[in-house]
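Two complexes follow with chain A in common, the first pairing it with chain B and the second with chain C.
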Partner chain A sequence: MLMQLTLGGLSQGMIYALIALSLTVVYRSTTVVNFGHGDFVMAGAFVSYVLVVLAGVAFLPAAALSMIAMFVLGVLFNRGLVRPIQGGPHIGLALMCIAAGYVLRGIARMVWGREVLPMPAVFDMQPIFIGNLVITGDAVFIIGTVLVLLVLFFGLMAMTDLGKMVQAVYQSPRGARLIGLNVDRFNDFSWGIGAALGALGGILVAPVSLLHPDLGASFLIKGFAAMTLGGFGSLGGAVLGGVLLGIAEQYAGAYLDSALIEITAYLVIVAVLFIRPQGLFGRKAVVKV
Partner chain B sequence: MSQTMPTAKQRRLRSLLFWAVPALLLLLPFATNPYTQFIANGMLISALVTLGFTLVIGNLGQLAFANTAFFGIGAYGSAILAAKLGLPWLLTIPLAGALGALGGFLASAAALRGIRSYYLAIITLAFGELMRWGYLHAKPLTGGTDGMPMPPETLFGTSFSSDTLKFYVFLAVTVLLVKATLNLMRSRFGRAVMAVRENEVATASLAIPTSRVILVTFMWSGFVVGCAGALFSRHVGYVFPESFGMLHLIASFAMVLVGGLGSVLGAVLGAVLLTALPEYLRAFPGMEELFFGLIVAAVLVLMPMGLASLLRRLSPIFVERFYREAP
Partner chain C sequence: MKIFTTMLATAALVASPLLADDAEWETWGLTDDAITIGVMGPFSGNASSYSKALVGMMAYYDKVNDAGGVHGRKLVAVQEDTACDSAKGLAAAKKLISQDEVFMLQGNSCSGVALALRPTIVEAGLPWIVAHAVSDSISDPMAHNIFHGVPTGSANGRAMAAFVLSKPDTENVAIIEHSNDWAHSYSNPARDYLKEHGVSPSQELTMERGQTDATAQILKLRQNKPDFIIAALYEAETAIFLRDLKKYGMGDIPVMGTAGTDLENTLKRTGDFDTVKNYYVIHSYVDNLDGTLMKPWADMIHKYAPDEELSTFSFVSIGSAEALVAALEAVGPDLTRSKLIAALEQVHDFDTGILSDPITWTATDHQGVKSSAVAGFVDGEPTVLKAWGQPY
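Let's turn to the complex of A and B:
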């Protein structure tokens, strides 16, 4: 039982980790928290749905195309709508992101209405039985994909100058500009990567859940909870926070009350911010006057 | 502030104008059909919701999204007090306001713990969703997903199902709260609110109790929106958890921004302009979200200070003391 819950939590948590990571990528380079990110996740899932079900593309190329499409959308959003108000207060940026999210959601709802769409299963694998533990193909697929991606991501950050560039822009955009970094292009790139990684989160959950235009809202909160738990702005913290949140949800649902699954993330947010606002690995988050 | 302040004569004109508008509105029910009357009633409620919202995000400059929570608390509070305890609905309005203020107190507790900016936004979003979860799961009290109906009631022999009667009550509450908020924001306290937004540390160093300023602003915002919630429960006659979700939030954002952040007049204007349109869009799924999303994005880029800034340029009559020229 415990093992089974942990596995289920791990596979959910991997999705949360991916979403929290993609939020953090954007946050670290631009200091913008994308409050519309949930809808980017939803949009990624829908683009891959259209490609797979309506256009008949195989799953993997469809996933890749969808990520590319979302990368482009992220870049365009940054250039067209975020950059013009970048110097303004946080409120404007937060509202802009929310607005973009609603536009995406509105488009999805215009096309699909209140329908709930099933995505065909990708991985038709027989479940593996180890003792009482049932390992489904979907769990293997999700955990495997995200793990590969995380290794790739953190490998790139550690091995190449990319990691240093991210750090430089995070610490001081002006300083980064002074040493010759093209910060604007870097921000474009971060928005693109953030959107594409978020889209992948949507693509991975699509086969195990149902698609609907409101899919994103809950993932946004899960992403925030994971970020808050791991420490806002910490890349590794986001991943760990996501995994812990996924497992915590399963435990709370099984041992306490199944209705708690939906609100575990909210409770985590409230508890972390009141008890240890900097999360596990974050910087100081509290303003003292 | 580069703006010229209104002269004494203009101030008198302004106060005349302020009372002329509700006086004229008293005649409105004679010029409407039941449907437009219903929409006009909705506008008054939106005006209060937007007003409460703009106080926190515009005047106080805090990224707090607990507005929807206050609204739901007010609506459910009023419905529960009326249906379960049998209180007359009119009496539940200030009580719902008090419950909203309690919500404001909770939200400000986060702000006062030093949780600010994005953290405050996230924790207040979580607060709203937790409340919605509560409405869904506290079935005996709230009716769960089915929602709960408002008990029928009469006033001076007229049933409260009459939209005309509702209109007069709504109008009285709205005018009262708008006037009270205008006065509050023109007072020493209002200046302190603006000072906190501009620079909290500097404000504290002037011996202004910034914590208390934040606390009171949140609570007043909660009170105004809680009252609006009580009006809403009577307006629709039925309270559902769905009314207090994310769509309500983006609509409020759009109203605040179109009117102009931190402007009382703008809040009312934005609410009046944007309440009617979704009624026509509702037939097309997704259009509401698309519409509000596009409006918010467009206003942010093209007219960040909203309609109120245009009016201020037109005449000093429209200058409220508290606004910010550049975002």
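Let's turn to the complex of A and C:
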């Protein structure tokens, strides 16, 4: 049972990791917490649904097209709605994110309002039984896809000039400007990448769960919990936080009480803020006076 | 004598505006050619598929209107969205009662919302026919103006447990449910029925709304190996639970679901017959959804809502709408709210031709429908059942 729970938690946690990572990408570059991010996740899933189910496009190209569409949406959102108010109070940015999320949700409700939609399974693979352990096609696909993506993402960040420039912008936007980097363009890029990664989370979870316009709300909370656990602003921490949260939910549900699954994320947030506010990999905030 | 006459005159003078108010209140929302009916439902949100129930009901209003209405009055629905949210539902009810001044209310999916509305509607006093939400607490303890027009949770919960125990050699029964009033309204009566018959649930699990994975719950079930599972889950979670059940090699265990789901849509959502072949649901109708007895109702809905995709919810409120029209007919043209309430209490053994059990409202019991049939796949076809292996 422990192995099965770990596998299930890992599969679920990979989705949380992706969502937490996408939130962190935006947060690190702009210090904006995208409170509408759950709806970007939902929107990505719906775009892929339209392409796969209504337009008959194969899953992989549909997923790629959805991510591109959401990348463009993220860039446009930053340019059109975030950048003009960036100098204003932070609450304004948060409210703008919430508003954009509700607009996306409203559009989905207008089109699919009363339906809970099925997304076809990506792999019609029979589960593999190893003793009591069941390895499902969904789990293999989700874990495999996210792992590949994480390797690419962190490889890009660590080993390329582009990655170093991104890190420079993260560490000091002013310094990056002084050495000639176009920070605004990097911010566009971060919003685009954040939206695309979030969309991938939605695309991966859609065949496992079902699609409806309120899908993103619960994932947003899971993303926040993972970010908090890993340490706000830490890319690696967001991933680890997501995975640990997914596994913790499964363990709590199976060994304690199934009612705990839903509140594990909230318990994690409360516990981390009390015990180690900076999370696993975050830095302690130091204020010079 | 003079003093007495003066006092009487004064009392009459003081009382006259109140009496006038009472008379006015009795006919609020009523004109010579219209009866306005407030129809609340989850027209948005993740439970919005339940608003299909109100589409069928309003199609019946349209049918009655096309035939000339009731004593020359058309049934005019004023819709308000509750989004299956208590706060929004309360705002919707207050708007309908105070601002739109509707004559009566009919509808309401989402028991939690209906329960939140109950005090406001009891105080307002206008007739309210609950046409979809099932929680017993909406109409019990009895309120003089609230009538339940569908089988309540206790009727359905007991029907669920009765069906489960009708399968030979069923002793080990597990329950999985949401932790909300709606789910408890099914599971608690089911538990009571099981206990009355010497069976205690061997396992009680929770799966909350919005959960996209049921691995932990299913692994616990796998250890317990139940003969039957009672699942009080909404549509999306039912599909996820059944999918995961099959995924972990437990698809052969029969699962008894609530009236909150149906076979056809659950099949559509899981996309796989093997996943739902052992799924049974409360089915409150006389026939399969595509059966000959249901066809006239399906045609009626499509006549007035051509794009409507039919599901089990599409039909659920029609029976209570029929009972309402019968009561309105019985009152006659001189309609008031009090007269309608009195007429509703005279509805006895009313065969709707659509619900599997008749509607009976009395002065002491406003829960009109006392039982339900069950639907399941038999030889690959959706079949209405009285008990395990017994067609209705």
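What we mean here is this: the second predicted complex is superposed on the first by the 284 of 289 C-alpha atoms of A that agree within 3 Å, B and C clash if a C-alpha of one lies under 4 Å from a C-alpha of the other, contacts with A are read in each partner's own complex, and residues count from 1 in each chain.
Simple rule for what comes next: a residue touches a chain if its C-beta (ideal position, glycine included) is under 8 Å from a C-beta of that chain, and two chains touch if they have at least 3 such contacts.
Predicted model only: the values in this text are computed from it and were never measured.
Engineer: Check chain A with both chain B and chain C modelled on it and let me know: fit or clash.
Structural biologist: clash
Engineer: Can A:Pro89 be said to touch chain B (first), chain C (second), both, or neither?
Structural biologist: It touches chain B, and chain C stays clear.
Engineer: Name the contact category of A:Glu262: first (chain B only), second (chain C only), both, or neither.
Structural biologist: Touch partners of A:Glu262: chain B and chain C.
Engineer: With both complexes overlaid on chain A, does A:Gly155 touch chain B (first), chain C (second), both or neither?
Structural biologist: neither
Engineer: Between chain B (first) and chain C (second), which does A:Pro277 come into contact with in this model arrangement: first, second, both, or neither?
Structural biologist: First partner only, chain B.
Engineer: Figure out whether A:Gly175 sits in contact with chain B (first) or chain C (second), or with both, or with neither.
Structural biologist: A:Gly175 contacts neither chain B nor chain C.
Engineer: For A:Gly144, is the partner it touches chain B (first), chain C (second), both, or none of the two (neither)?
Structural biologist: neither
Engineer: Tell me the contact category for A:Pro61 with respect to chain B and chain C: first, second, both or neither.
Structural biologist: neither
Engineer: I'd like to know which partner A:Arg109 touches here: chain B for first, chain C for second, both or neither.
Structural biologist: both
Engineer: Once chain A of both complexes is superposed, is A:Ala217 in touch with chain B (first), chain C (second), both, or neither?
Structural biologist: both
Engineer: Common interface residues of chain A with chain B and chain C?
Structural biologist: In the superposed arrangement, which is not itself an observed complex, chain A uses residues 109, 113-114, 213, 217, 259, 262 for both chain B and chain C.
Engineer: Tell me, which parts of chain A touch chain C in their complex?
Structural biologist: 1, 4-5, 8-9, 11-12, 109, 113-118, 120-121, 127, 129, 132, 134, 136, 138, 205, 208-210, 212-215, 217-218, 249-254, 257-259, 261-262
Engineer: If we count contacts the way the header does, which residues on chain A are in touch with chain B in the complex?
Structural biologist: Checking each residue of chain A against chain B gives 33, 35, 81, 84-85, 88-92, 94-96, 98-103, 105-111, 113-114, 213, 217, 221, 224, 228, 232, 259, 262-263, 265-267, 269-270, 273-274, 277, 285-289.
Engineer: Using the touch definition up top, name the residues of chain B that touch chain A in the complex.
Structural biologist: Going by the criterion above, the answer is residues 57, 61, 63, 110, 113-119, 121-123, 125-127, 129-130, 133, 137, 200-201, 204, 210-211, 246, 249-250, 253, 257, 261, 284-297, 300-301, 304, 327.
Engineer: Applying the document's contact rule, which stretches of chain C touch chain A when the two form their complex?
Structural biologist: So the residues of chain C touching chain A come out as 43-46, 48-49, 51-52, 176, 179, 205-208, 210-213, 215-217, 219-220, 222-223, 235-236, 239-240, 247-249, 268-271.
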